[in-house]
Every structure is written in structure tokens, then in C-alpha cells.
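One chain, subunit A, appears in both complexes that follow, with subunit B as partner in the first and subunit C in the second.
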Partner chain A sequence: MNAPIAPPRKLRVATASLAGCFGCHMSILDIDERILKLLDLIEFDRSPLTDIKHCGPCDLGIIEGGLCNAENVHVLREFRKNCKILLALGACAINGGLPAQRNHLDLRDVLEEVYQTEYLVTHGGIPNDPELPLPLNKVHPLHEVVKVDYFLPGCPPPADAIWKLLTDLLAGRTPNLGHGLLHYD
Partner chain B sequence: MSETDLIDAVLDRHRRDGTRLMQILREIQEQLGWLSPATLTAIAGAIAWPRAKVEGTADFYSFFYTRPMGRFRVLWSDNITDRMLGSSDLMSAMCKKLWLEPGRVSEDGLVSVDTTSCTGMCDQGPALLVNSRAVTRMTQARVGEMVSLIRSETPVAEWPAEWFAIEDNIRRKDILLDHGLVPGQALAAALERGPQGMLAEIKSARLRGRGGAGFSTGQKWEACRSAAGHGADPARYVVCNADEGEPGTFKDRVLLNSYSSLVFEGMSIAGLVVGAKKGLLYLRGEYRYLLEPLQAALEARRRANLLGSNILGTAFEFDIEIHLGAGAYICGEESALIESLEGKPGRPRIRPPFPVTRGYLDQPTTVNNVETLAAACLIATHGSDWYAAHGTEKSTGSKILSVSGDCERPGIYEYPYGTTVRQVLEDCGASDYQAVQISGPSGICLAEAEFDRRIAFEDIPTAGAFMVFDETRDMFEVARNFAHFFAHESCGFCTPCRVGTTLVRNLMDKIARKHGSPYDIDELFKLHRLLQGASHCGLGNSACNPVFDTLNKFRPAYEHRLMSLNYEPAFDLDAALSQARQMTGRDDAGAHFPDEAEA
Partner chain C sequence: MNATTTFHLDGEEIPFTPGQTIMQAAVAAGTYIPHLCWHPDFQVNGSCKLCTVKVNGRFGSSCTMEAQVGMEVENRTAEIDDKRRTLLQMLFVEGNHFCPSCEKSGDCSLQATAYELKMMSPHFDMFYPDRPVDASHPDVLLDFNRCIMCGLCVAASRDVDGKNVFYMGGRGLLGRRVHISSESGRLADTGFAVTDRAASICPVGVILPKRRGFAVPIGQRKYDLAPISEQVKVKTP
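And now, the complex of A and B:
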């Protein structure tokens, strides 16, 4: 007979949405009642769900959205420093996604158009308050700035795929999503 | 003659046959300078192909121009051996003198300067092509003179003849280069033996393909011979693969320049064995200058009753036609070559069926390397026992090596199979060597400890390239040059190769910019596995070989370029805030990224 095993330590998970729309976070919530099972396995660190402002040491970091400004880079670096595993969740985190549509324009032209020349907007000038993060010249996907361990594509990735990926990662299995969750043809 | 008449004349000469599209496009372009949308429409109408299909072919090949090009088109050969001889500086000097950006046509439409993949002049570089003609041994002085000739719009035909001189540089002859046969001798011997007897000789001589893969020639010919033709017009074909695109290889150039009689005779013998009436020589576009001499050689053979009908008084009937490629490395792959012969983009076919059952025009086709066909002449004349006495057990006969790079005597060396790498290095006068790249970028990179290995199918198979690098050379830069080559030459058909070769190139560039991290090296290994396992053809399978070999054998060349042990972005992160800083006038701490190490 096997010896009784002590209940495993709960794994700490942090999540953040950078240049994203929170759609991937909504898709996480779409796992529905399985979230109760998930909470048996994990506890949340920094996340929009906890409102904790900075990330502490974690087992898993989940990031939605790409990098469009300096603050995004700081958050991403904080995650990479603290999370053993980093997951890029969704199209924007992996490719830059919708925000990266500005990449074929020069940032200077974008700022000028929005804050100085566009008709019928308040011409208060380009905001330069040090409180505000500066936008990057181009929007970048996460893996161009830090090492990313896993990628889950989709806009958003379906809840079942997120569930499968998370349960695999938490159980220590190499994620294997396969047909229906990642491959559709 | 008006443009329309000119196009019509070319189309008529090719019987408005779409499968001859490559030759139609080339001949029209040679006269009009480029292929305009109107020209493509006219061609599509005449050959009754959809216009998109014609444009697909015209767009696929580097040497077809679908936008106006300069009246002088200079293409510098960009193999690593050309670079080692200083081609990059010479090309920059030329661009500077012409006030030109590489890859752009000058405003007045006079000239464009760009790079192209290896032009097969590695033993006499730095080389270039000007309006499809090969120039060797470029120097600063020649660059100056060439710029003056271009400025004065002197036609290329009136340029100094010595610029176009191409040396054979044969340094060591063995059984093939010292064959001593007279034209017709081998063919007469083959006719004497008959198709069955000749096939038996080839098989018992254990002749293997010289293109690198080493497939049994006898087996290939037998499969082609026993395959039935298809459709209303059944036939069999012999194709000689002279699309010598592997960087560092130039033996076929020399064989076609000085031993064409042997090559054509080998094709005839193949025709006799497989039962073909027609042979096609697929000549790479870079060797365009060989077209007229080769056609004259074919004419001479026809006059000598060695081609045509009733050859040497027998019922054997065989003739040879030359097709020119247009600058696509991938066409060295036999099924891509056949696609190209049929007027299509050179994309490898899905196999099976193999060309021996369904090849050119869907008929049984044997595709053989130039050197293989030449070697068949020796077997026809001297018999299999004599031939198999040369070389080793599994690699009979001899192999021609194209030696280039850091050595005193670059050129052509023929050895019996089984010769050690060290022997070749000694003979070519290499000293202080650190590495040899054998069989080109898709082959293998050897370090000093392996120089006692042998050139043979049992050990190191090769198509013939032998590039020597001395201790002053940076093996990382060698691999990076090859990574750029494969990214440029990928045909784009399958995703692993199309995307993978570009990712490899970008990672190598990232490491070169000193933005690399150990993760990037891991990524290169991952890409190597992926490309090797998932690509559609040999190009993708072998595209990572030079990176993989140099990572294993010259890893410090990579490591000393790495920025840190942490992951690093491929770009300067702080500079990524530059435009916003400029527009907001900010320069506070929040407007900069602290160094990750200090953060």
C-alpha cells in the first residue's frame, strides 16, 4: 500500500493584462465552476482578481497583451523575475495583436495626429506628465523582450484550452493540447 | 522590330508551348530588359495559360525582372569565399562611386547593384554578374574602370575581354579528367554492349550519383527503363542536372567548359540504357555564358553523327537540348528542376511518384549529375572491373572537388574516393587551417580533429565543394552567411522552411549585433530539429546544418558575442522610447529603462 501523501502546497499564480483588452482574462473566467477546483490547487498573487499591486515569488505568471509602453515592460520584467514559468496568453501577447496595428505608422505621427492636429479634439498638447508611461516606438510581443516559456494562441484562447494548459502545467505535465484545442484542421 | 513582333518571334520559336515558359521569358527579357505586365499578358495569351501562372513563374526566379531594371545590372556573388576575398568592400566602393544604394535602380535607370547567391567562381573571386555575364577577380582598380564604363554607357560586349576570362584551374587529374577518350569512343563501346549490357556494367561498377546523395545510378536507370510511358505520347527522358547552385561548388562549370563532349556522351549512354530519345541539360542561369559554346558543341556532335538519328550507323536515336535556369538554388533538387523544365516555379514535388516513373511531362525521367554522366563514359569504355578498381568498396571511381577559400592553389582536384581531408589540404597548399566546409552549406563543417576522415559515401559524402577556413576566419560569420543564403533560397512552399530559415537568420543577426543570450542558442537548436524533421525537402532539412555544426565545434565563436546570461531583446529597449521622449520633451527617470542588471 502506498504511504499517505501530504496535500501539496498550493501553487502561486500571478496574472496581468498589458496591451490587451482583458478578453483573455474573461476567457479564464469562462472556465466557469471549474474555477473552484482551480482555487483548490492555486492561490493568486498579483492579478486583477486580487488587486495586489506587485508580484511576489510565484510558480506561474500569466500575461495577456503585448508591450506598448514603458510600464508594460516594467510589469513584464517583474513577472519574469518572480515567476518560474511564464505563459504568454492570447494573440496580443504572442504577436502584438490589435495594438500592433500602429506599427506601420511612425509613433511621432500618431502622437501628433491624436494630440495636435486632429479636428475636434482638445489640443492640450502631447501629455508629458512623468506619471504617465511613455509609449514604445513599436508594439512588441512578450518574447522579444523576455524569455517566455509557454504560448497559448487565440483571440481569446478558449476556456477549455486554458483549463487544459493550466491543469497540465500545475500537475507538472508538459502541456499537450492537441486537436480541438490548438489544432483545428 | 517592334516589341510585339519580337515577343511573337520568340513565342513562335518555342511553338507557343507553355512548358517552355522559362526559355520564353529568358529570351524575351534578354531583348527587352525586363518583363512588363503587358509582356506577361501577351505571353499568357499566346501559350493559353492563366496570366497568374505566368506571373507565378516570372516572380519565382531571381533572374527574372518584373519591374524595370537598370540598363546595367551588377550582381555581386555573395558566397562566404567571395566575402573572404573582399567582395563586401568592393561592392560598397562601387555603390559609393555610383551614388547608389544596394538593391536600388539609379534614378536615371542606368544601373543597379545588388548581391546574388554564389555564382560558382569561388576559386577566382570576388566574382560578379553584369547583365548575365560572369566577371571574375574583381579588384578596386577594376571597380573604378567598371564604373567609368557604366557611366559612359559602353556596352558590356565592348568591355575588356580579360575581365570575362574564366579559368579552369585544374590542379589534379585522375581517371575522369585524364580520360584520354576521343569523342564517340565511349558511345561506340556502349552501343557495342547494347542497352542491357551497358546497364549491367553500370550496376556492377557500382556507380553512385555525384550530386551528393549517392543513389545507385544503375538502380535509377533500371527503374526508368522498366517504367512505362504514359498517355498518348509516351516517352522517356534523360536530364542532366547542371544547376550547380551549392555555394562553393564549381566542378560542373569546368566539366561543361572543357569536358562537354564527355558529358553529352554520358547523356547519350543514359538515353541508350533507359530508352530515351531526348536529353535535357538544365544549365544554371549563372552559367549563361556557356550556352553558345555548348550549343556549338552539340552541333559538332550532330555533324559527327553522335547525336540525331542513326547514331554511329545504328538505329539509336537521341538528341540533346539545353534549358537555362534563372537563379534558383532549389532547382538543384531533381523534382524542382523538372517543375522548372516544365515552365513552372521550382517547387519540389511530393514523392512518390519519383521522377523515374513520373518525371518530365509526366514521363519516366532519369535525372543525373553532370559528373555522374561523365563517369558513365569511363565505364562504357573500360568496363566495370577497371572502374571498380578505383576508389573504395562502397564508393567506386573518383570524385572531383572544388577547392576554394584559404589556400594557395584553389581550383579543381580529382581524387580517387577514400582520400583524406588532410591530403586535400596539403595538396592545395592550405596552412593554419581551422575548418573545412564540405559539400557546401548543406554539407558538413569539419574541425581539425576530423581531418583524417575520408571523402567517400562511407564517411563524408559530398557534391564537391571544399571550402577552407584558416585561423583568422570567424566561423560564426561563416554560419551567418549560410543562414542568409538559405533564408533567401527557401522556395516558400512549406511553412517550417519558409518561416524557419528566416527565424534562424534573424537569430544569427541578433547574436551578431551582440544582443544574443543563451536562450537564443537553445532556440537555434530547436529550430534545427524542427527544420530537419518537418520540412518538405532537402533544402529545409539541411538549412540548419552549418549553424548546428559550428555551434558544436566552434561554440566560443557564438558565446563571446552573447550580451549576458539573461534573455535579451533583439533591439535597444531604451531607444524604443526615443520618439515618445522627443515628442514629450521628457528626460526623467521614468522616461528611460534602467539597465536590467541594475534594476
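And now, the complex of A and C:
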């Protein structure tokens, strides 16, 4: 009857950087001391911040970077399978971004130039270790492979935009960024 | 002005002079209707369809449709803005709009309109079309990756500069874009000058003056200061 009310369950959040530069993760950290407030509400599952290698059941998955190799696709599908809500964070996750600038070049030409013919680099040949994930012919954004629930553009998205989006989501509101927080650059 | 020559735009009474389009009357009243290919200084093109409104319940282009007394025009409704956002998403996937590397970022009408309509993703699958860059001219760089086929450079070069440097050409979704009218197809082989009106008319980042790239830093640019809806274009005197 007067049983104590249990504190609300912390939401589980997983993050990963695929074909990205970790700049979006740096921008997450850029929320500064607000991260302490965030940690009252969430706990991290798989993330570069925890070094957990595989994603368990989560409330929110945050993915930085697009898809440039087979492992990226594998990780993305693991996130989609385990996360109730999936957020594409930053330009690369949304439209391929900088890595997608290679889409206008033939993949073999790129690999040959980098590993074989380019002046002043070791001519060791194109890496062919079975442990290395195979590159995709073209770089793709996340939404071409799985359903993505929310998008936050920016290169990187500003910390204030990440904070606004996360607090809106945690409060159960539809995220709404005003002028100045929505940026594609 | 006759007090009876007005129409309603989102319920607001807008005065007009006979012959004015809905867009012209709205802009004169300081009201923003999203648009890309329309410019107050040039003949109407009517190609981008961003300025589509609902007039007495039917869709029409506000840049081409003449205002009539008593029209009920819907502009910034969720229904129409949804359709406009879809048009923008199609423009974004049909070109290579990579804002982080673009000098025009912050001054770009396409980008600012997408911010205004809260476009969070391209939604559709990307095309990544192959488009060339023309750096032949000593003072101006052309990056066709960003062309949205608004035709403003064609109009400016033809009607103001009298040079006809640009024309719309090519076929198909990914082939069609603005071209250069010299025999070689290069801008250097035309009479184009950086002082031409056409050199400063591009709403996106196709026609860029060289050596000026980041003179105004990102963050202090036109649409960083205020959203595009608060900066209604006025006709050049």
C-alpha cells in the first residue's frame, strides 16, 4: 500500500562509431558537466566509453559514421536488433559524409593508389588479411540499410544540440531543435 | 491602393496590386513563402515548386499564380511544409550536397530552407552522381555537384550581363544541370567576369569567387544570424 516507489529504471544507451572520425563522440563529451546529469538518467551499454564489445538490449542506440565495410553493416544490424530507438548522429551517418567522397572513385583504383603506386608509401600490396572486414564498393548512410528513428545532422552536431535531443527523448518529447542547433556543417 | 484588393495568406490579410503574383504580394508584405528558384529581380522560372501553396484548396505555385481578390491561400501548414521537405530531400539526394566542405555553408539558400523546414535527413537513397568541377576561370570556381537547376545564373547572364554564359542542358535525373556555352564547355573560354551579376546570383555553392572562401567565418554567416524566413528578399533598386 505504502510501498516505496522504486526510482525509475535507468535507460540503457549504446553508442558506436562506424565510418566516422569519433568527432561526434567527442561532441557528446563536449556536453561537459551535464554528462553527470545524463548519467543519473542513463547507463551505457556497448560504447567506446565502456569498451563493452557487443550491444545488449538497449533503449537507445546512437550511431556515428556511415557504412564503409562489412563490419559496419554487421554492427549496425546488431544495434537495430537490440535498440528500441536508433539515432543517426552526424553528417556521415546521415549522408555518408567525408568517407562517401570516395564514391566517385573506383574502389580498386583507390586501394591500388594507396597501397601500391602512390609515391613515398610502402608498397606492401593491398591488405588481404581474413581478419580485416571487406570494404564496401560505396559508402552508404545508415538509413539505406536499417530503419533509423531519429537523425541529428552536423559535422559534428554541437554539444547543445546533442543535449537538447537527448533530454527531449528522455522526457518523452519529440526532439525539436531551434535555429542555431540544426546545422549540416 | 484599393482597400478591396487583398487576399488571405494563412489567415492574414495581404494587399496586392493587380498583376502581382502571390509571391510578390507576400514578399512586399514581409511574409516568407519558402522558395529556391524565385528571385525578385528576375523573370519567374517556376521550376523548384518549393513555393507551392494551396489556393482555395488547390495546389499552385505562388511565384507564377496571380493574386486575386478574396483568395484563401495556405502557406506554412504542416501539410504543405511536409511536401516541401520531400522536395528538398529529393534535391539533396540528386546532387552531392556535402555541407561540411562547402564554402557556401551558412550563406546557402538550399541549406537555410532545409533548416527552416526542419529537414533532419535525406530520407531517400543517395544517388552520389558524378558531376565535374570547372576551375579553369582565373577568378571563379564552378562546382556542379551542388547545382539545383534553379536557372538563376542562366537568367542573370542572359538578362543582366547580356552574355548567355550558362544554359540548362543534359538529360535525365542525374544528367541535367547548368552547362557552359563555350565550345570547350569551360568557363575560362567565355567572357565571364567575377563582376557579372551571374557570378553572385547562385543560391547554392556552384558559382564561387576564388580566394574568398572563408573570409566570413562559419557561424557568422547570413543564415547563422537569422533564419531565412526572417530575411525576405527585396528587389534590387
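Just so we're on the same page, the second predicted complex is superposed on the first by the 176 of 185 C-alpha atoms of A that agree within 3 Å, B and C clash if a C-alpha of one lies under 4 Å from a C-alpha of the other, contacts with A are read in each partner's own complex, and residues count from 1 in each chain.
As a working rule, a contact is a pair of C-beta atoms (placed from the backbone, for glycine too) under 8 Å apart; a residue touches a chain by one contact, two chains touch by 3 or more.
The model shown is predicted, which means the values in this text are computed figures rather than measured ones.
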>> Following the superposition defined at the top, how do subunit B and subunit C come out on subunit A, clash or fit?
In response: clash
>> Quick one: is A:Arg77 in contact with subunit B, with subunit C, with both, or with neither? Answer first, second, both or neither.
In response: first
>> Just to be sure I read the superposition right, which of the two partners does A:Lys138 touch: subunit B = first, subunit C = second, or both, or neither?
In response: both
> A:Phe151 contacts which: subunit B (first), subunit C (second), both, neither?
Replying inline: second
>> Which partner chains sit in contact with A:Gln101 here, subunit B, subunit C, both or neither? Use first/second/both/neither.
In response: second
> Looking at the overlay, does A:Leu182 come into contact with subunit B only (first), subunit C only (second), both, or neither?
Replying inline: second
>> Can you check which stretch of subunit B gets into subunit C in the overlay, out of 43-51, 205-213 or 475-483?
In response: 43-51
>> Going by the contact definition given at the top, which residues of subunit A touch subunit B in one complex and subunit C in the other?
In response: 138, 140, 144
>> List the residues on subunit C that touch subunit A in their complex, please.
In response: 92, 97-102, 105-106, 111, 114-115, 118, 120-123, 125-126, 128, 130, 218, 224, 226-227
>> Touching residues of subunit A toward subunit B in the complex: what are they?
In response: 70, 73, 77, 80, 106-108, 111-112, 126-128, 130-131, 133-138, 140, 144-147
>> Residue numbers of subunit A touching subunit C in their complex, please.
In response: 88, 91, 94-98, 100-101, 103-104, 138, 140-141, 143-144, 148, 150-153, 155, 176-177, 179-180, 182-185
>> Per the contact definition, I'd like the list of subunit B residues that touch subunit A in the complex.
In response: 517, 519, 567, 569-571, 573, 575-586, 588, 590-591, 593, 596, 599
